[in-house]
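First chain written, first letter: the chains are A, B, C and D, and each begins at residue 1.
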Amino acid sequence: MLDELREAVYNANMALVKSGLAPLTWGNASGIDRASGLFVIKPSGVDYAALRPKHLVVVDLDGNVVEGDLRPSSDTPTHVALYRAWPEVGGVVHTHSTYGTAFAQAGASILCYGTTHADFCPGAIPCVRALTREEVEGEYEVNTGLSIVEHYRVNGLKPLEHPGAVLMHHGPFAWGKDAASAAVNGEILENVAKMAVLTRAIDQTAKECPAYICEKHYSRKHGANAYYGQS
Amino acid sequence: MLDELREAVYNANMALVKSGLAPLTWGNASGIDRASGLFVIKPSGVDYAALRPKHLVVVDLDGNVVEGDLRPSSDTPTHVALYRAWPEVGGVVHTHSTYGTAFAQAGASILCYGTTHADFCPGAIPCVRALTREEVEGEYEVNTGLSIVEHYRVNGLKPLEHPGAVLMHHGPFAWGKDAASAAVNGEILENVAKMAVLTRAIDQTAKECPAYICEKHYSRKHGANAYYGQS
Amino acid sequence: MLDELREAVYNANMALVKSGLAPLTWGNASGIDRASGLFVIKPSGVDYAALRPKHLVVVDLDGNVVEGDLRPSSDTPTHVALYRAWPEVGGVVHTHSTYGTAFAQAGASILCYGTTHADFCPGAIPCVRALTREEVEGEYEVNTGLSIVEHYRVNGLKPLEHPGAVLMHHGPFAWGKDAASAAVNGEILENVAKMAVLTRAIDQTAKECPAYICEKHYSRKHGANAYYGQS
Amino acid sequence: MLDELREAVYNANMALVKSGLAPLTWGNASGIDRASGLFVIKPSGVDYAALRPKHLVVVDLDGNVVEGDLRPSSDTPTHVALYRAWPEVGGVVHTHSTYGTAFAQAGASILCYGTTHADFCPGAIPCVRALTREEVEGEYEVNTGLSIVEHYRVNGLKPLEHPGAVLMHHGPFAWGKDAASAAVNGEILENVAKMAVLTRAIDQTAKECPAYICEKHYSRKHGANAYYGQS
């Protein structure tokens, strides 16, 4: 079932490892088939070295396992919440990548200091508020996803324009049109976060990149008249 | 004698190298067979590239070499002290990993800033006080272990709940149910330490993660009703 | 056409990857054949893993594609501007290397703190001013190159004596007598930038290296009576 | 001539590369045969990838090339000065390793914050004063060596007890009983320097390790009654 997607999600999970985003087993990637409403996700706590495409778990949008012998990632309900809220999203990753997690732990958004960041998204990578005691004691993983969705709704952010965020006291989540691009977005988020830490180390009062530069870079890569890459 | 354990301890030592925790020959791992009261440990100052399972040394809980041609790690009495005090512990590692050692050198506990840390232990990774002149001039390596044991006793910490600490002016010690998990715990400690340095670089006044979040993460992974990983 | 140059530029692009200067596809290298007035450059947004010499694009100094099926780097007009202004330059690279970009984002020149830097250039690696709104809304990539050229003209800097700069809110540009040396210069810039960040971390008030030391080092390597390397 | 030494010095040079101490071609290692008064050193500015044992240059203690087609390292007179002053030294390395160079550039000694450092030397790794204009305009490379020798003489430091130093505005020099141990000492210096930067990042007011701990660690490894390693 969903063999092609299974392969793609496997590759996205391994990309997290290869790019160093998922030390130990800290991370998971998923990808969805919108036609069937089913998504494929990494099993919980399985060593990446032992992970094979066949170990991945197929889950529906109610969070029920449809295929697979292993328990899916404990963060599965978070993926469900994002997929349900954002039909344009085809892949989700969650990592504990070092620099992105540091911003999450500091409760700080990653400000847009330059064009490397603006090529990713037009503005700060948001830090979503910490979950309340009630949210943690309730359906924790569902609420994790809902808190991100809420932040985007309240602040008028579009998921594919800002394809990554950090959750306070937790870590990065990223997404994209499919699992592969979600993994790439997680990697970009980490690189941009590292540059931001260093920018502040050089100058604690560093100013954000002017909006007219950010917009130019974002639009030349992602806008209607984009001319970056091969069309 | 203890061939299986010897292989496991060899693998744990090599895991320290592979994960970059033991630059040069700075590190050692051991594992104990509780039935016989014997443990296996790395020989002192041997290059990891030349290390083979047969070089490992078998030692009893009085610190006597039972098998092996090489001198055991000079830190062997520290391992003895931890094994004697903590019957639930099956493996111990000592490293000079970069970020963990930096916390030791700064005399600072590694505060729990987020869920990556809380997945490891429910609260700060403790910094144990520096040894006194008398302790250093006496049985130094024994006293190293005793100072850690004392800290855990006085502060009511359980070894397997807080499976790692840093010793002031020295470096990290980690342990677990066996040698393999001790090595993993040493690696987690280092990753968490790096994230904590960066968290403070972003915000010197970063707050610790609320207890209700820490407890949720620790218990979902390690508690009676844990649902992380494959059961 | 230009097969040898094509191979050299391919190698320079791959050198950016190998030295870690171009995470993801963030970077490009070019090299020029002054006899024909044609240069070879990386295609836009192509994954380095898939890049082959045949994919490179031949462009003239008006920015017109002369050979190649792919669209050249979106930064091509910046390369044109540098090649037109500086006939002594034979190769250009642009990267988003982490430390160099951090200086660009902080809007700070990389001060010459020691001989490692002085072996590269005799003084600070300049931070060129950010582009104005008019420059960004006009021919952005051309103006990027012109702002660098302007900085060198106004400050009396010679391109081959200061073979690299960072552009505020953007990132590093480096060049040299050919594509290979441009890539090496980009790598040196990144190393020197990292050392400068760390120097300031150790002492925020660190002083620049005295001019008499900088000049000695620069001239022993690059001066008329250079005695570094094999002649 | 000196084939065995040539091989050992080659290996020491390659060890600098393997441990990341010598980015680009920034570094050199030498080893001396005290019987003949000849030493072997890396040729100047040769790419490590192309370096073979036969390329190494044999030099006498007046700095004259005795064997070899290539020009020796431009730092050769510095090696001469150290070998002449310190008969107990059998190998010397000079690197521009990142963290050690940062301390040199900041003009700061690397304080002994813990036992990792004390296992290397019993006290701070000294920062030698910058050379004066007269020293730089005179026999620069000779004076580089003499400034280090002077520092050790004035401060009563023994070269093999403190087998490494940083020279202000320049970088690290390390040495040992032979070329291999000189390279290891260069690597330890770099690791210790990194830990010291991080220690200060965690606590700007971090205290040095008490002398009674430093002395214990240094003597258990290097003292008359050392019990670290295999005897």
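The rule is simple: a contact is a pair of C-beta atoms (placed from the backbone, for glycine too) under 8 Å apart; a residue touches a chain by one contact, two chains touch by 3 or more.
Note that the structure is predicted; figures quoted are calculated from it, not measured.
Trainee: By that same contact rule, can you tell me which chains touch chain A and chain B alike?
Mentor: Intersection of chain A and chain B contact lists gives nothing.
Trainee: Look at all chain centres (mean of CA atoms) and spot the one farthest from the centre of chain B.
Mentor: C
Trainee: Please state whether the interface between chain B and chain D is built from the same residues or different ones, using more than half shared residue numbers as the mark of same.
Mentor: Mostly different residues.
Trainee: Go ahead and align chain A to its copy chain C using Cα positions, then give the rotation in degrees, nearest 5.
Mentor: 90
Trainee: How many angstrom lie between the CA centroids of chain C and chain D, rounded to a whole number?
Mentor: Distance between chain centres, rounded to whole Å: 32 Å.
Trainee: If you average the CA atoms of chain A and of chain D, how far apart do the two points sit, in angstrom?
Mentor: So the centre of chain A lies 46 Å away from the centre of chain D.
Trainee: Do you know which chain C residues sit against two or more other chains?
Mentor: In chain C, the residues touching two or more other chains are 200-201.
Trainee: Using the touch rule from the top of the page, what pairs of chains touch, sorted by label?
Mentor: Listed by label, chains in contact pair as A-B, A-C, B-D, C-D.
Trainee: Considering the complex alone, what residue numbers of chain C touch chain A?
Mentor: 23-24, 26, 43-46, 70-71, 74, 96, 98-99, 101-108, 130-131, 133, 136-137, 140, 169-171, 197, 200-201
Trainee: Under the touch definition given earlier, write down the residues of chain B that touch chain A in their complex.
Mentor: Touching chain A: residues 113-116, 119, 184, 187-188, 191, 194-196, 198-203, 206-207, 209-210, 212-213, 216, 220, 227-231 of chain B.
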